[in-house]
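In order of appearance the chains are A, B and C, and numbering begins at 1 in each one.
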Amino acid sequence: MLYRRAGIRHTSYPKERQLWPLPFDRYLVTAVALFLLAAPFLVDRLYLVAYLLPWIIWSMAALGLNLLMGGAGQIHLAYGAVMAIGAYTSVHLVRAGVPFEFALVAAGLMSAAIGMIFGVAALRVKALYLAMSTLAMQYIVDFVISHSPAISGGTQATIQVPPVSFLGIALEGDLPMYYFALAVCVVVTLFMLNVQRTAFGRALAAVREKDYAAEVIGVDTFKYKLLAFWTSSFIGGVVGAVLVVSYLRSVSPDQFHIELSVQIVAMVIVGGLGSVLGSFFGAALILFTPIVLNNLVGALASGLGIAMSADLRAHIPLMLYGAMIVGFLVLEPLGLAKIYDNVRNYFLVWPFRHARR
Amino acid sequence: MDLWLIGELALTGALVGLMYALVAVGIVLVYKTSGVANFAQGAIAMSGGYATWAIAAFLGLPMWVAIPLALVAMFGFGMLVEHAVLRHMVGQPVIMIIMVTFGIEIFLRGFMPGTFGVAVKRLDLGIPQAPMFLGEMLINRAYLVGGAVSAALILAAIVLFNSRAGIVMRAVSDDQGASWSVGIRVERAIAVAWGLAGATATAAGILWGSVQGIDWSLSLLLMKALAIAILGGLDSIPGVLLAGLIVGVCESLATGVIDPLVGGGTRDIVASVIIVLTLLVRPYGLFGREHIERV
Amino acid sequence: MRLDRRTFMAGTAAAGLVGFGKPALAQEKVVKIGMPMDFTRVYTFVTAEYSQGHRDYLTLVNERGGVNGHKIVADITDHANDIPRAIEAYERMKREGAVLIDPLSTPVARALVPRALEDKINMITTLSGRSDAADGTAFPYVMPASPNYWTQAGILIDYFRQQDKDLKGKKIVFVHIDTPFGREPLPILQALAAKLGFTLQTFPYTPPGNDQAAIWPQVRRARPDWVVFWGAGVGQTTALSEAVRNGLPMDRLSSSVWLSESDMEVVGKDAVKGVIKFEACAGGRDPKVIQAILKDVVGKGKGAGPEGKVGTSYYNIGVMMAAIVAEGVRKAFEKAPNGPITGPWLNDGLHAIANFTADGMLPGITVTKEDHQGGGKGRVARWDGGKFVPQTDWFTANQDLVWAEIRKYSAEFKKTGK
């Protein structure tokens, strides 16, 4: 009904190859885009600053990692460290007087250069063994940052982000910061949507499915594995810079520890490996479930006057959160994107289930 | 740098490494039989510590009764986890199963402190704390006991894998389909592996709990255990024993030798670097079986 | 209807439930404060007891009619030491009219500093957060209102000097967790080593500190005259048990403020007899305030937690901070009885706190526009097997060095900040 897919056939290749071949999908994307553009005027400041902004930023990070994990099939447990490199590069460059536009690109390049070194391990080891190797990189980057006063900022280990401007617009106040993050997110999303349709994306898919087989059919796995790490790390570096400039506003080493890396891996997996949409779902679920559950349990406990110990009340959201991750994956191991896809598939030809898709 | 210090650090490190290896054994047991990386092992160790404390505190039982009871309970708990959750994940992508065990970890991290309170619990095994000297070397009794118990349990696991039950488990790890066809009860073998993982984790939780007290931070043992399991080769129990010793000694010596030079705690880094370098030479760990990939 | 569209379209339908079940306090006269804290992650060792003390004191104040007819209402939530969650809690509390935030977490406090300064919301950073926030000229809205780590280190070293008369040629070992928090006292200790002529040897351990097996043999071999161990939670209990097993003399062992009765219990109460620690407020049940809480709050069944925890170190720190906040509110009403109740209004009140002792529980806290540390007084207490017994009067020491360090970093902050 909504999609009116049954019986519609594309009559030209360009039409078939559109990003969103179905009209309904296009409307949906437009509606979401319009909403995000108008959000500062529609929603309360609380939801803009504390929900939409982090959601956009963490989704970008999940997208960047998804290129590597979903696209090329390489596990990476040091994405937080990659983001830290970008964050510190940009902040130090800006403090040295470099315009933020350049600092942003430099953050990406720096992360990409160092991140590619991480990828070298991937040439030799796989799966969990690779996870362990990247974990080592996380520890090393953490250590170097927090033990170099020149990088971390001495005993206090916190550096304020100086006021910056991007393309002539001063990034001050909620609006410019939100739109800046949104703009970068749109670029990253469009890149991710299209990369799967390029030779690069197809080569990565071949590597993901079986790297020996890819080599047999002439894909240079050496080159593409490194390229995957390079690209993913570049995105990570840019996201790190966006994160500190528009959201955290000060940078300290503990913001980028292993917890952040694990959080982003969780977003990618819960959302759905290789799915652009899934990255957004996953980021929302992992970021906001603890908050919402916490507020919910708090409201229920005080509203209904249920007597329980403070410890129990504080930990119930954590239990529910863990149970939810387990529940989601037991019910649908391919992630939230797959759940969305199932619903969409059902409605594609609804109510004519017998029709061809 | 005198030799006594090096000797003492190496010895302490070896004992501590064995205690880490005990956590890692559970990961290997589960991986060996069902091919699942168990990221909940740290939280299960924590739960074991809590269970022991709860049995001793609420039922008023002495430690030597509480510990076997906790081991049995946690054996059952391990089987329950397998039955309730992981059985449903058979045939799913490995990374999803890892994430599920991670969800279990988060759940337990909420459940145990939520139920029993966040305050650190004391678990007294009655190991005397007075220092014991061997020449100029101090032998830390807590670690001596911990290391000895760990080594004994790991050796027992090796022996088990050479018994009939162990052969069944090895068959399952080789090829689940083939095992099925010759009449091996694959589900039961996997359930037993999870039960054993629960029990060894509990032993580790008790030993570590007696050193640091019982609270949620016991679940952080996961990272070190994972590192040891991977260094040893995920499907080798003797590998765990050796990897535990290597990691423990390296970390301990790094703390003594490298820390003063760089002015920071390098323990985790040195251990990780050693593991990465080993993996670059031996991509399947020290004793891990190489997967033969067919196109 | 803005609300409907917002909740629907943001897709966070459940977030709408936040407003649900809120007590109908809006009509009453209240002063709202926000307490987003870490109940489940890193600071579990302190938060539960701190929060219990804090809540009990506020109950005491409110039961007695509040301040100037206003009740002080605390909104307590868990931020799990996670920055996005903390920012969400902060923004929500700000929207609901909170005039003061107490996150009780160093990383969170650091991340919230720019926002609090911009929004003019008072932030209490009890024995945590940025040490340089003691400089009120750079951080007008950030109030440690308690001795920072530099002061704590300075006071401990001065106590050693009092004991040994002269520290020249002595050896002091500093065992610390290898995080910014653990490394913080280093500049002060180094400066003091140069000034007083003792040798300083430092041993960093990797966080969270549950394995310090390789550290303490080295400490033992260094044969120190004094040991200072600096950590929190599990790092402290592990440090103590290792010290015991290595046979170090307990009465030469000292800690920052983060050492509590329950830590001692985990290691074994008698084994650690003699350990000393820094105290920012009186511990135990003797202070009048605690007696009043036992009688009027806990005795009437309104206590916020188990009675056994009343009077523990962290409980009393919670009481201390609640008392300081209540005193700030009182002063604010003295200055401007009709409000309006805003961040700057309370800020004026907090700045008017002078020689406040909470009936003898505190050393006499005085907050000025320049000094947000509150005077930097504390004392040294020794564990006697059952409780911490004060060894000195309230005093402060080495403040010249501490303030040089504070100004160095606050100047840096002023330069790069807005």
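Here, a residue touches a chain if its C-beta (ideal position, glycine included) is under 8 Å from a C-beta of that chain, and two chains touch if they have at least 3 such contacts.
Keep in mind that what you see is a predicted model, and the values were worked out from it rather than measured.
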Original post:
Can you name the chain that lies farthest from chain A, using the mean of each chain's Cα atoms as its centre?
Top reply: C
**OP:** Could you compare the number of C-beta pairs in contact for A-C with that for B-C and name the larger?
**Re:** A-C
Original post:
Distance from the CA centroid of chain A to that of chain B, rounded to the nearest Å?
Top reply: 32
Subject >> Approximate Å spacing (C-alpha centroids) for the pair chain B, chain C >> reply: 36
Original post:
Hey, what residues on chain A touch two or more of the other chains?
Top reply: 146, 309, 311, 314-315, 317-318
Subject >> Of all residues in chain C, the ones touching two or more other chains >> reply: 39-40, 48
Subject >> Multi-chain contact residues (two or more partners), chain B >> reply: 109-110, 113, 117-118, 263-264, 266, 268
Subject >> Parts of chain A lying in touch with chain B, wherever the complex brings them together >> reply: 69, 75, 121, 124-129, 132-133, 135-136, 139-140, 143, 146-147, 210, 212-213, 216, 258, 262, 266, 269-270, 273, 309, 311-312, 314-326, 329-330, 333-335
**OP:** Show which residues of chain A lie in contact with chain C when the two form their complex.
**Re:** 35, 42-47, 49-52, 54, 58, 95, 146, 152-160, 162-163, 247-250, 252-255, 259, 284, 287-288, 290-292, 294-296, 298-300, 302-304, 309-311, 314-315, 317-318
**OP:** Would you mind writing out the residues of chain C in touch with chain B in their complex?
**Re:** 39-40, 44-45, 47-49, 178, 202-208, 210-211, 213-215, 217-218, 220-221, 233-234, 237-238, 241-242, 244-247, 262-263, 265-268, 271
Subject >> Touch list for chain B against partner chain C, complex >> reply: 5, 8-9, 12-13, 15-16, 109-110, 113, 117-122, 124, 129-131, 138, 140-143, 208, 211-213, 215-218, 220-221, 251-253, 255-256, 259, 263-268
**OP:** Sort out for me which residues of chain C touch chain A in the complex.
**Re:** 2, 5-6, 9-12, 14-15, 17-18, 20-23, 39-40, 48, 51-52, 77-78, 80, 82-85, 87-92, 95, 107, 110-111, 113-115, 130-132, 179-180, 183-184, 186-187, 304-305, 405, 409, 412-413, 416-418
